[in-house]
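Please read through the structure below; I'll follow up with questions.
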Amino acid sequence: MTTTAPAASAETAEQILEVNNIEVIYDHVILVLKGVSLSVPRGGITALLGANGAGKTTTLKAISNLLHAERGEVTKGSILFGGDEVQNLSPNDLVRRGCIQVMEGRHCFGHLSVEDNLLTGAFTRRDGQAAIREDLDLVYTYFPRLKERRNSQAGYTSGGEQQMTAIGRALMSRPKMILLDEPSMGLAPQLVEEIFEIVKQLNEEQGVSFLLAEQNTNVALRYAKYGYILESGRVVLDGEAKALRENEDVKEFYLGVGGEGRRSFRNVKHYKRRKRWLS
Amino acid sequence: MNPRPDPNQLTAPDDGIARGGVLLDVKNVSLSFGGVKAITDISLNVLKGEIRAIIGPNGAGKTSMLNVINGFYTPQEGTIIFRGKERRSMKPHQAVGQGIARTFQNVALFKGMSTLDNIMAGRSVRMKRNIGWQMLWRGPALREEIEHREKVEEIIDFLEIQYIRRTPVGKLPYGLQKRVELGRALAMEPTLLLLDEPMAGMNLEEKEDMSRFIIDVNQQRGTTIALIEHDMGVVMDLSDRVVVLDYGKKIADGPPDEVKNNQNVIDAYLGVPH
Amino acid sequence: MFYRTAGQFKTSYQADHALFPVRQDAILLGVILVFAFIVFPLTASEFTFRALLIPVLIYSLAALGLNILTGYAGQLSLGTGAFMGVGAYACYKLVSIFPEMNIVVAIAMSGFFSAAIGVLFGLPSLRIKGFYLAIATLAAQFFLVWLFQKWAWLYNYNASGAIQVPNIDMFGITVAGPRATAMTQYYFVLCVVCVITVFAINITRGRIGRMWKAVRDMDIAAELVGINLMRTKLMAFFVSSYVVGIAGALFVFMWRGAAEANLFDIPLSFRVLFIAIIGGLGSILGNFLGAILIVALPVIIGSVPQAFGIPVDSAMVEHLNIMIIGALIIAFLIIEPHGLARFWAMIREKFILWPFPH
Amino acid sequence: QDESVYIPNLAYRTGPFAATGTPLMNGQRDYITLLNERDGGLNGVKLEYDECETGYNTEKGVECYEKTKARAVVTQPWSTGITLQVLPKSNVDKIPILAPGYGFSPMADGKVFQWAYNPPSSYWDGASMILKNISDGNLDSLKDKKIAFLHLDHPFGKEPLPLLEVLAEKHGFELVPIPVGLTEMQNQSAQWLQIRRERPDFVVMWGWGAMNAGAITEAVKTKYPMDQFVGVWWSGHDGDLKLVGEQGKGYRSISWSVPNSESPLMADIKQYVVDAGKSQINQSEGEFDSVFYQRGLMISVILVEGIKAAQDEFDVRSPSPEQLRWGLENIKLDEARLKELGAEGMLVPFSTSCSNHTGHGGGWMLQWDGAKFVKASDLLTPDRAEIEPLEAEKAKEYAEANAPWPVNEECSM
Amino acid sequence: MEFLNDVFVKPFADMAAAPDFLLQVLWEGLVGGVLYALIALGFVLIYKSSRIFNFAQGIMVVFAALTLVGLYEKGVPALLALPLTLAVMLVLAMTIERVVLRPLVNQPDIILFMATIGITLFLIGFGELIFGGENKVMITEQLFIPTGSIVFEPFGGFVSIEQKDLTAVIGAMVLVAALLVFLNKSKIGRAIRALGDDHQAALSVGISLSTIWVIVWFIAGVIALATGIVWGARAGVSFALEVIAFKALPVLMLGGLESVMGAIIGGLAIGILEKLFEIYWGQPLLGGNTEAWFAYMLALLVLLFRPQGLFGEKIIERV
């Protein structure tokens, strides 16, 4: 529908990340992404929305070149980060260039302490111990809970604590762009707001760009500037976040507000309301 | 708003506890790991037939509480009375035998098995035929298998996951995995169902589906439910009573509306009033 | 085209629980059985029986046993060779103590000895996991082989320390010992393997198989679902060691004819493990595919230079052989870590989808 | 094809036993090469020597046996374990087994073991000769002495045990068997600590492969007197002793062959095989002069004599296995014949017969002088009177255990 | 009664009766233990960084030693052969990383374990093809390792200590100390541990698997070379050495798969205990050769009480 053709080269400078019409196949047979295109402007926050299994995680992994480890591969299209073909870069090259991913499902290093987890985030940095210490303190001010648990093995910390560790770890690499995969999952409401505030702050103060894959459409569209909606491997709708928020279909299916305000979960009717853009 | 059906109209399983009686009573439980105090002197009860929510900030000890209830952790202090029987420690599989089933915060499905097998695994405790019959796959073994298969198919229909019956669950999207996990827990036909963040990582539509399943299970089967959830909307809409934990301590307990406006809860957890 | 599953609907759970829900699979199996029971025996030479057909069957059976433990129940074992040894020595003792005993009975009973030993060494699995368990099974491996060597009663105080299969008749036909013909032994092994395979399929797809797989995939969750870990794991050790023990008895009685203790040493365990892994863990079919590959490969590689009349000396062939097998194992693991069985499944899927790529 | 005689050899040039196996196999091959090169074969028929690699692994060995048996006229199993496994099949497959200096000692009894040959001396012969030598001919002088029997824990190493036990009982010496497992060959410190504790008067070794080197280095370390340390013929490899050099001086090994690089045969080997680049030996390490290489040649000499006997008797160019069986039963390698072959003094003279498949030629003691093995005794012979009853008993046991087992009663002595 | 005496009294009486012999036994055990510890160390390093149970460590020992001796035999001076061998080990590490590990990232443990068995087979074939199967003499003197022995005469008996064994013990201590410093003081050390927990996450934070793996496998190669020199000096270099890998496995169980300290303490403990057991119990009561399994049984016993070994990381179990 709104899949844009590869952007003109003049625009490239504006876009820190460009995904052009990619296809991803798992295990040689399972076609998961069927031509996804999107772009993230330098200094922008872009949300990637969609139901379970739509392919958000896959898209993010394709961008940070992590598919390989899951027997998946990009078979068509191209991904440009800062103007360079991602396929030619190894994941650590990407991190060094400032693109880091916070993986879905936390993925902390279970046997390392929380602090060591954070420090691994600084692996690619070359700017000395002092700067790293400074950033560590910054992460601790963002997440005081982590400071309390700094010496515990990450594997034993609670789900939310692990999520904070994972986000903090990514921040430690001083990235230019962060790919956030479901950051709010399993976090207390208060913390969800805090994390998005941090995102906003980093974006505004340090110009970090974000691509967020989120289920919590409500919050995501509040903070993002632009949004894409994925459905079974295709982009079905994209636009300014504000416009999306106003869109009737988005309201109905993703925000849960019908004509008469928020619906109660208790009153969900026993009929299928599934209407799809595609199917 | 639909009025809640009168609890007394539903037939309760015959364990002698009437609907509204105390099914589970946790008394003065404390649990710590080395230096970390996960739970400090908490008492709470769950009434038969209700939906009980446990909420609290991250690391408050909610999951640990469930772990204590189903025997995975043994508390250092305190006792648990379930269906009138008191105990401190027991093996998790014994808890299952007593009628406690649960789902997990990080999906704990059997990744290599199909949806059907996962749910069938939930019925393992109820299947009895020995290896001799199994080997032959005839007579009693086959009859038993089919009998349970029918029960499982009911659950599959109920959760609307027919189309993924044969898919290995490792390949399913997260939301469906959670649903399969619920199915597996239901297959155990529990008296008390413990749900640990059943709706984390779901979009609205899926949360609505999940809510409906939970309500249906509660109302149609009369299953008592204790649930942990971070989505306040869900908690407020579904639960009959809410207990709030913070740093391993209980800071509030009561009906949703009351808890929602409790200042301690707002400070520790909600941030802004909902 | 030939492989269309569409249109085959099951109308009852009973039908859905048949051995081969898909018709084509049943036909394929039929063809294979015809080959195994009729075509091979008519065409194979003595050498083919002894170097290919019999060992493939026996190794498949051993791998099947291991696969039950490692592939289904998730307990890595490196002691298969020793458990085969227990089966073999038990059978040997049974036959020498009760010479009138029918050999089928003796073999079936010898499985119980290895099963018992297997359970004994399986006990640590309740506490020990992963590689620690694997190394623990090596304890069985080394201890048992040592025992086979030191306990002279086991080999009837033979001077050589080896066990030697006597001539054994069944219904007037010599089925074991130096006088037995390769074809008799082949049929004997084939029948045993078929029966046990059917049993194994049934066990692994029923309640017990599900419990094993649950323990394998996530033992904590399995416990929380009400599965008794201890009983389930020990049951896996029991069944697995039973099958492995039978394979061991066949190994000596129907193939080797004699055995020294160190025949059951580590290399045997590893070979069986290779077969199970290359074939595919958690698959019954895989064991057969793996055995075909691992047994046939050296024979083929060894005969290639001869076939082309290239004079290579035997040591060189052996060195190259080892190198090639090593490289092939790595290559296979890279191409398809889940083994030949998965490879086959993928081909099947492509067939079903054919002519569409996805 | 009938213009050649196919002689497979179940060789091992790989694995932990390759070090001792390789020079032997080289010797075997080179003698055949010599005949083919120098004489154009045997009586005009080419000999086709072929190796099948076993790695000293019994299982692989049996595989090789199955693989080669279709064309083979003889089986050379090259390990006692493999010999024991193919032995029961010999009556069925009817291919003679030739195991010079190894295998099952009772194979000497040709009436029972119609298809197996272990000339010129069996292990029991060897054990008897060693005891005779260390007791200066009077076994009773060993009374109350302690003899450690250090052996590979393998059929090969256990083979002389029954005889040694009988002799220990009879002559009143204490026998301390010390097994060395396949995995401990290279690290025998436990075994040698035991030897140090037991303080035996003699250590008799039945070692092979990497075990020999391990034992000899440990002996040096433990300061065990080398002249009280004696090995069987497979424990007398130059390479093993070179590891310790001077310190190994005095070590002895019984042998039924003696290297003699000056002999006419060796000159021919050098001319036709080694210098012609047709040999695989490692000349820089002095393999040409080594005991094992030249023993390998002798092994082929024995086989070829058997083939030749068969050719002459049946007047065929390429004898069948059955004919070869007759040939191996009628080998006459006396001194004259050895001289004729240019190998005088390199092999103990012996002859076989229908009932005597070993020949019991005896052997010499070889002693390490710090740089090489030298002959250190006159020809020793086993005390057959002590061995024979045991041989007969074990052969009978074997036949009974493997019933139905045909016994050739027609053998005349 | 007599049995109890044999088991509980006599061995100790024997020890007291010949203290010099006991000392010798302990020393032999210690030397053996050092060697086990060295091999175990190679395992630990690789396991720590990649959760790969590297079965090929044993053959790497042989391969390194053979390369060293082989080069020397081909006429390369000993002091040049040493760095050349190190270069070969580096190339080996790089090849293994490129050909085996990289394509197998994120595969289950058992698959990687199998792959290392594949490597083992390949190296056996390759090594024999190039260097031949015969037993070779380690170039001890050429590497300036002292030979000869020191003899003490305590308690009226004697204890003989081989100088090369002594060198081995000292050398091993230095190597281990260096390694501990490297692992604890460097950023790579932390990355190595992180890698062990989660490959994908490590990739996602920019840890380069390839680099770390090459480093780790190279260090393992260096350790293998050290082990090979020491062990080869005792009994010559041949493929029979390969089996010593199996002696390291119980050490790992005892010490814990990811603990450097565990490998060392476990190695020494097993070396000494198995020797004592063999000499004082095994040989008199059980027919000897108990070293084949003693270490395994001991480790098994310990594991029953500590499933992660004495110093291993606790297995994380929470839901």
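We call the chains A, B, C, D and E, going by the order they appear; numbering starts again at 1 in every chain.
One rule holds for everything that comes next: a contact is a pair of C-beta atoms (placed from the backbone, for glycine too) under 8 Å apart; a residue touches a chain by one contact, two chains touch by 3 or more.
The structure displayed is predicted, hence computed values, not measured ones.
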item: Chain B to chain C, fewest steps along touching chains; value: 1
item: Farthest-lying chain, centroid of Cα atoms versus that of chain B; value: D
item: Computed distance of Cα centres, chain B from chain A, in Å; value: 30
item: Mean-CA-position distance for chain D and chain C (Å); value: 38
item: Averaged-CA centre spacing for the pair chain C and chain A, given as whole angstrom; value: 47
item: Whole-Å separation of chain centres (CA-atom averages), chain A against chain E; value: 45
item: Junction residues of chain C, two or more chains touched; value: 146, 149, 220-221, 224, 315, 318-319, 322
item: Set of chain B residues in contact with two or more other chains; value: 63, 72, 104-106, 108
item: Junction residues of chain D, two or more chains touched; value: 13-14, 18, 153, 179, 181-182
item: Contact set on chain C toward chain A in their complex; value: 346, 349-350, 353, 358
item: Partner chain C, residues of chain E touching it in the complex; value: 53, 99-100, 103-104, 107-111, 113-115, 117-126, 128-129, 133, 246, 249-250, 252-253, 257, 286-287, 289-290, 292-293, 296-297, 299-300, 303-304, 307-309, 315, 317, 319
item: Partner chain D, residues of chain C touching it in the complex; value: 46-47, 50-51, 146, 149, 159-162, 164, 166-167, 177-179, 256-258, 260, 262-263, 265, 313-315, 317-319, 322
item: Chain D residues within the chain C interface of the complex; value: 11, 13-14, 18, 50-53, 55, 58-59, 62-63, 66-67, 70, 80-81, 84-85, 88-89, 91-92, 104, 153-155, 158-159, 161-162, 179, 181-182, 280, 394, 401-404
item: Chain A residues touching chain C - in the complex, by the definition given at the top; value: 25, 27-31
